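Per-chain numbering from 1; labels A, B, C and D assigned in written order.
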């Protein structure tokens, strides 16, 4: 596996799997002079942490981050920032009865095919557990972006059939319910829906939107590292994500050029169908991306599958799983967007003589 | 601009703009021993070429590719492959009246903001003209994939409101109509729709699907270079693309885990909601991706905009433009998918001791 | 700082400074299926460890490595390998009186100029302390190379005026003396020389040779990632190294083509002036590189310098320092060579269709 | 072959072999706003060009460079710069009698082992012919460096036994003799020496020094992309180079710390043993590097070798070859140094918040 890094200048490399000793990240390329401490990182980790409500997995992980290097007297030195989170609540025995079976919808089969073996404990590296480190690194990126006035925010806008109504959008509501939902009414409906789902032992998909506010124009490196392309890659790298759209996204298929191209006036764009990106470069308007997450593959219902010998069998995934992985994906999506923006912010510095 | 390369091992770097002297690409990392000549590349270039029907731009570009290096006695040597296409039909005067204005929906404004200047001739580097080189490089990738039995195919499945019906899908029909549409009936409706659109001087969005057949399991490098993430980036890097989905994509939001996770039997998967990718690694099933392209921003209708001095004005984009950029995007999308797969095919060789 | 990674496929990223909490490394791209445990890594760390003899710094660091991830049931999984070493013996007070002064020959001034600040505790990131992580990562690379029959070995061949005599070369002697010297007689002379030097409070330069045995032909990627070029970079990246030569190196200046080009016979090359590399690609013969290390910059003699305000002053570097940094550089040089070879071994897999 | 690129931000990718259709380069990441035309590049190509004196190969190559893209109205646009040089004087027949034999000291054997085939025409990609493109790209880098007041200069300081005397160093003399030698007296001795050598049909090694003047402190990215390490790699990537030293280089082995560490005074360093680099970062003083080039492997004397079937045979390399490849290496070394500095100049922009 050689794909454990992200970014060109602001570059993050992670390691660690679900039931290993620890998760670790190295944030390389963070400029010197940024005030930074664990207190800047822990809040986002806590938002992602499991066990926060009855709607997410009941695993208990303290997810306490330690800064190992790169910070001296409370300020980044320009040297690589090492981050460590010890794994604590690992019940490996939960997986012993499925060690030879491939769980449908999971990466068990593909890891086995690729590497000739598999860490069956909690999905190993393919577990969403590893995203804790992206959230930690993303918090550093957010801190850097803040120096340029850029902030990142995300929310759940749909869980299964329940959609947040844009007319009821309230940014302050996002932290008020266990669904990261900006619409209080929809959040209530989500609770009802999720209660029913849990009784069935099933899981459900979701949609998450992330935005960057206070953007500056010029970020993005055509033609192969466009800002929208790097965002698409970054969000699609989140476990369970199956689709990404920028701005109006798929709605553009039926749109006409006379409406879709955002007109410009002296005080800015008159609309933002583009999602803040033109020709792969930010235009200064709000960057907006949306992603779809598939339903959790680990469910309590029995599913047909095969084992590592190719024999047909059945599987029930016990253990403690999120019935909707989309919920905890909000801080992850924010982190991924922040990492892309931080990298392009630094790359942009080389644009002109 | 530092983003002109794609791929880690099978690595393509391109240069060239709409009205410059030539387009050029260097395909680095192509293994030695692959039979290759211009005849392997030209057909895909011809499929992308403008002026093939009344539904695409009437610019005439010969788009003749020359292999400059890396091939000896008809076979790749392992050395980098240089590819050259001279620009021929450049009517720079078409743009002289808009050199100070920003065309809505175009990259004019963002390039100007990023670089402090702008090549106003035909969009410069932001023109879809540069994609000719991706198609050329992609043809080399296709040749390499064929050695492993992998083939790539794409088609238009929607233009504005007109959708191809999966029930009428006929792979042989794709090359039979000017829309790369696999459904003859839909193609006829597209023709009618496009005729009306052209009279209005407007443009329309589209959707394109690409698939890879004959896949092998194991391609993709979690967690930051997942196969689906690299495909998403690759397709989003195509001009005008605003959304990408893998497999069932956005439909997963309302799906349940009990249905969505593709079950396994001794003879393979019983469905392919995943689009051939699990945990970022190919599972051997057909890889399927779909992308949405926005309507062409260059239209004959007047649009409000500003000029480089910030003054409000109006613009009409004359010149010869595609009313639906999605149509010619099919060979581009195939090329981009082929480039990603070729790169991961080679990276995969390092997976096991 | 964005240069904390090395290698393209077998890629190592490190973090950590002299007096921070810990050193950490992520070894990405190590193939699955390699037996690996801390016991494979610790011996090389122990060879590099300070305080092993009176000829090296008397700092006491346990340098115990912990594998955090990427290994399951004693075998690599293909996932990134996290490595951790806690810093223990940090006497930061030793540096308090020099926090505003630039030590001649050290990186104090350049770090301050680059980052606008400086971690004055023991040189921070510029301390050779960080090389512990290279040694740890290099041990993983050595294990991988061994699978292909390649082994790496290094030794000190000169300390100041005292040279090892090739005629007395005994590979078993290297571990028998505190100088990593393959010539017992020279080792005795080195001891005498070093005793005198220490009394003067001065330091001395050294030369180290590293070789790779059991090589296979074909490693190296012309024209910009030649094997010799990557070795040169790798060795020059070691603190205090000022020169690198491959094979006969500088002696080639006065050589003639009729002698220098190694002739080939049916059973191999008749000489190895080239040091096992032709055209940037290994030829299967022993790879041989040699490097020169400058004398330790931290000495007990007073030196003229300036402080961060630009005022002239004088400095004495107390603390516990190696009088000859070349001695402990042997395991570091072996590690760096191993890392380069491991990376090229994997890259080479993509050379042919 | 996947190593055809150099640099992280200011990134050069080249293609082309000795007897192919053309050489091509793409210079990606050059900032917008740099005045540039072919006239900035051609002079350096002319300095490298063969056939300039009786002491270099008598091949006649016009080496005329064409800028294909990235420049508009005489100024760089920020888009990748395509460069093209057509090959003209190719006498492929000169090589037909050696197509099955491996020339000692050449890359014939290693390319054959690596790629399973070989372009026997003039060494193919392993020919120094490809360095023309580095010189072209390097000229762009020099132009960029000049904006920051940095200039690069190189010279031959030794050919076989004949050394330039530093006491007679005259920068204006370098262009006055066919040896790029700054010492007129040594140049005369070189002429005599080379005349004798040519009669013998033999070849000789050489040493070249390059310097960067007007440096600024702060360039270089520890710990794996140190400035000295990148310079070492860059110079070692030049065909025939076997050794590289920075500053006093190998002389440091016998030096003492009390002398070697360059002391600082209010007006700067009192010496420059370090060659302008401390801890891998430039200190603002002149950067100085020196490299050794082996004697040309193509000589008129018969040498023992084997053919591709492993059978022993003899070979005489006819054709038109440089008796001392070091001579024409001066503009190449300048280019390589300029490329490294330009890249680090841009990377440095991300060092501080």
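To be clear about the criterion, a residue touches a chain if its C-beta (ideal position, glycine included) is under 8 Å from a C-beta of that chain, and two chains touch if they have at least 3 such contacts.
Because the structure is predicted, anything quoted here is derived from the model rather than measured.
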Which chains make contact with chain A and with chain C at once? B, D
So the chain most remote from chain B by C-alpha centre is C
Roughly how many whole angstrom separate the Cα centroids of chain C and chain D? 26
Taking each chain's mean CA coordinate, chain B and chain D are separated, in whole Å, by 38
Between chain A and chain D, what is the separation of their C-alpha centroids in Å? 46
Touching two or more other chains, which residues of chain B qualify? 1-5, 8-10, 14, 29, 32-33, 78-79, 111, 114-116, 125, 222, 347, 350-352
Contact footprint of chain B on chain C as seen in their complex: 8-10, 29, 31-34, 76, 78-79, 144, 147, 222, 346-347, 349-353
Which residues of chain C touch chain D in the complex? 1-6, 8, 14, 102-107, 109-111, 113-116, 125-126, 130, 158, 160-161, 197, 202-207, 217-218, 220-226, 228-237, 239, 242-250, 252-258, 260-266, 270, 273-275, 277-284, 292-299, 301, 303-306, 310-312, 347-348, 350-352
Per the touch rule, the chain D residues reaching chain B in their complex are 1-5, 9-11, 13-17, 20-24, 26, 28-29, 32-33, 66-70, 72, 75, 77-82, 84, 111, 114-119, 121, 124-125
